[in-house]
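Multiple structures are listed underneath, in structure tokens.
The following pair of complexes shares a single chain, chain A, combined with chain B in the former and chain C in the latter.
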Partner chain A sequence: MTAVQSLPVARRRTSRPRVARVARPVVAVAVLIGAQEALTRTDVLPAGYFPPASEIVRTFVGELGDDSLGPALMSTVRTWLLALLVSVGLGTAVGVLLGLVRPLEAFLRPVIEFMRPVPSVALIPLVVLTIGTGSGAALFLACFAAFWQVLVPVITGVRSAPAIALDTARSYSLSTWQRIRWIQLPSMLPHLATATRLAASTTLILIVTAEIIIQMPGIGHEITMSRSAGDPARMYAYIALSGAAGIVLNVLVRRIEKRLNASHGLEGSR
Partner chain B sequence: MLIVTELEKTYPTKKGGFTAVRDMSFTVQEGELFSIVGPSGAGKTTLLRCIAGLDRPTSGGVYFQGREVDGPPEDFAIVFQDYARSLLPWATVGTNVELPLMKKGNTAAERNRRVTTALAEVGLSDAVDKKPFQLSGGMQQRVAIARAIAYRPKVLIMDEPFASVDAQTRADLEDLVLRVKEETGTTILFVTHDVDESVYLSNRVAMVTRSPSRIAEVVDIDLPFPRDQIATKSLPEFARLRAHVFGGIRDMVHDTTLAHA
Partner chain C sequence: MTTLTTSVSTARGRAVIGAAGALTALGAWFMLSRGSENVYFPALPAILDETWEYWRTAEGLRNLGASLTTLSLGLCLGIVFGVAIGLVIGQLTFVEQAISPALEFARAIPATALIPFAMMLFGVGDNTKIFLIALGSLWPVLLNTADGARRIDPTLRDSARAFRIAGFQRQAFIVVPAVLPRILVGIRIAIPLGLILMVTSEMVGAQEGLGFVITQAQATFQLVTMWSGIVVLGVLGFSITFAYSLLERVLLRWSDPRREDA
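Then we have the complex of A and B:
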């Protein structure tokens, strides 16, 4: 009898940390949603601008059956992934080249330092004039913003190889390719992983911005359409959708990052 | 066979040139273990980097088998003190050892055989698929030594290789170095600040002064081979040589301390 009684206690004790880890954020979110619901239902927050959370959820569920959500989400995600692929691919290729060839990087540094801080959004008028208002415009803006975010860490990463490792390579007469393949590229990878995670957020921001401003199909377009149609619940539903999309990709990239750091024996690979 | 002539290395600093090594000349014979021992800050690492072809001397030169060393020669291998950064953390132990062998003329089977033999030699056959950071410090340094063994250099340069491992591991690794020298006839240039270690391992010990360092004395170590941690170190001759080298180093430190006072 005592054994039977003590068993659940022991089990609860061992599983408590994990339960707490999951429960705390869930409770935090639930409290926030509950507070929003209470404040809007009691008209402390004007329900015209802030529809209650339950209504947003109901609208969102309703939208799931609608014809506009699927294509909007698809359009945004497609442009987003393409932008991520292009900016990371291009940023890595150019970054590795500039990281390895110091004179070239020194030559181009003023250009990079000038272009890097230019807010992508400031280019929207130019892009509309030159590229037009298709998804190519959003793609360009997103790639432009994320490219620098990838380029700079990759240059740093290629050069972060320990001096001793490079001396070892020289003393064993490793070929240039062996040095790049086994020392400089692996040293760069953790930097690239972090840059990719940042680029995933940046590209999403720029694409949704472009959709709102240039009125191209996608989540952003649905947000601004809902606003002009006086349907704030639907607007918030799409805002939540874009947030959820960001979370999903962030989790995926973070997982890759962790695995990479673990294989490099780096700290903080929890 | 390895000749260092009037080597001088000066680094530019804000206060003008800093001469780490000055007028350094000595010859290392084929197959011998030549130690360079001196107080810390004696420019030993600078000297070694010049010999290894990693740095260019300001004047003078290094000649190996009659040819001037103007870059890292293919016949040289180095074991650094900082084993953790010298090994590649993202490559397995096996790959770390194999990488320098991936050159023209080495078949995969040949490379594999040499990696297996070298790892067995250092007692790490089981670790071939592990990553370096999964091993202890002493084991990591053994991987670095295995990499050097598998490479089969004519000259093995070791820069304070055992300075950051514990005493027992250190004794084991010293005997490993003696065994490698015995079995392969590799010429070994060994840099250390540990007098006991230099006397125990070497055919000859060169005592170098503080910067700008030059050779104060080269001592012949006429202790019989094979050497043994207990038997060799119990010999009166070991005690005499150890005292001699120790005294020389202490005087150097003392002299400079007085000079600065």
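Then we have the complex of A and C:
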């Protein structure tokens, strides 16, 4: 009985901050949208550039029934997933190899350090000429940018295996494969997770860039098209869509990361 | 193999092997492209010649200057606003709670998706570029600053309170130095992003700059000039990143290395 009675007390104590945590952002977002609506309706912000929020929402809902939104979103997301898979896969494979074979890594390091900061968008004209303007071009650009972002942390991660663990492995005479499988790969995982999160946003940026510049179908293309067609509401609707896609993808990557870490008993680290 | 493995563990051994690697890569490029018949992949000496010739002319220097000016202005704006907003968000819990969903959404929009928006607002020109670079570099700086300010060492915070250090003094002498390592991490992520945005916005929303030269060269089929632009961008990216890592080392000399990645 006493236990039952003490429960509501405890709940009341925690419930107020929880309400605030939900209420504050809701109020803040409502105030922001309301202010935008008021400023644009009264023409303080030129409505030609900033259509009222309600109009953007109406356009967005209208677009949902249109047949250009679905294919655009699908094309962007498909290329994004593929680019993420390829860059993370390739980056991990090469990174593990270089992490394990030190002389090879020392040999290639200057080349890596030179290629890494090259802005991959600089390659767009070359890619257009050689690969063309299909989704292959966007895929290549996104992978080129994200590959280095995965490669370098993975090398560091493989190297970050604690010395004690490695010594223990030696005294238990673990085979090379066992050492890699049970010590060096797990110590790489947190680094890989951070790198994947970074790569997820980089690949999305480059795919949207490719869509805008080389006019391949996708969200970015719809954004530029709306601007040149003088339809700002539609432009904002698609920009919002790109943000929503970004959030969904972030959550997805974070969830996979959490599951991976949990399965390797790394929940607390980073 | 054993001598190779041992030489890797010394700094000098690594430098020698690295130099060998760089030379091999250059040599391979040279040999593979020598007498190249493929118009898309011209010979390396031709590219280097063109780089040396074009980028020293008045026109080349003007384009290079335009790129560098907008990049530095954009980055400065992004860093200043990022640090300022980050400090507020990181220290005032209710502000953070109120605007973090809105921020999360704004951040998820890929920066280049806003190119059409910026062009509509500012037209074709420098302002579009500066706006985009600033906006793109804002997020990594802001998020890292806010995160750093949120997790200031409690001992530091309590000592400040015990000595009654508050207001501006507290911000300038306690919070900012403590958050500095995180701010610098944010800037390190922001620099390559700024470069990407610089080139992209020059490709669609400007009449001068490196990106403009590269796309113009592609459109007029001057592929050697296009390649020279790519080489210049590569060198630029490399030197900025390298210079920044030196600066970072100088700025963080005082800090405790054990706490740096905490």
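Please note the rule applied: the second predicted complex is superposed on the first by the 239 of 270 C-alpha atoms of A that agree within 3 Å, B and C clash if a C-alpha of one lies under 4 Å from a C-alpha of the other, contacts with A are read in each partner's own complex, and residues count from 1 in each chain.
The definition used in the following text is that contacts are C-beta pairs under 8 Å (C-beta built on N, C-alpha and C of every residue); 3 or more make two chains touch, one makes a residue touch a chain.
Bear in mind the structure is a predicted one, so any value in this text is a computation, not a measurement.
Engineer: Per the contact definition in the header, classify A:227: touching chain B only (first), chain C only (second), both, or neither.
Structural biologist: It touches chain C, and chain B stays clear.
Engineer: Using the touch definition from the top, say if A:27 reaches chain B (first), chain C (second), both or neither.
Structural biologist: In the superposition, A:27 touches chain C alone.
Engineer: Which partner reaches more residues of chain A, chain B or chain C?
Structural biologist: The partner with more contacted residues on chain A is C.
Engineer: So, A:109: does it touch chain B (first), chain C (second), both, or neither?
Structural biologist: In the superposition, A:109 contacts chain C only.
Engineer: In the overlay, answer first, second, both or neither for which of chain B and chain C A:125 touches.
Structural biologist: second
Engineer: So which bits of chain A does chain B touch that chain C touches too?
Structural biologist: No residue sits in both footprints.
Engineer: Which residues of chain B touch chain A in the complex?
Structural biologist: It comes out as residues 52-54, 71-74, 76-78, 80, 82, 85-86, 88-91, 99-100, 102-103, 131-134, 147, 151, 157.
Engineer: Hey, which residues of chain A end up touching chain B in the complex?
Structural biologist: These residues of chain A touch chain B: 162, 164-165, 167-168, 170-175, 178, 182-183, 186, 263-266.
Engineer: How about chain A: which of its residues touch chain C in the complex?
Structural biologist: For this pair, the touching residues of chain A are 20-21, 24-25, 27-29, 32, 49, 102-103, 106-111, 113-126, 128-130, 145, 198, 201, 204-206, 208-209, 212-213, 219-220, 223-224, 226-227, 232, 235-236, 238-240, 242-247, 250.
Engineer: Taking the complex as given, what residues does chain C use to touch chain A?
Structural biologist: Residues 4-5, 8-9, 13-14, 17-22, 24-25, 40, 94, 97-102, 104-117, 119-121, 189, 192-193, 195-196, 198-200, 203-204, 210-211, 214-215, 217-218, 223, 226-227, 229-230, 233-234, 237-238, 240-241.
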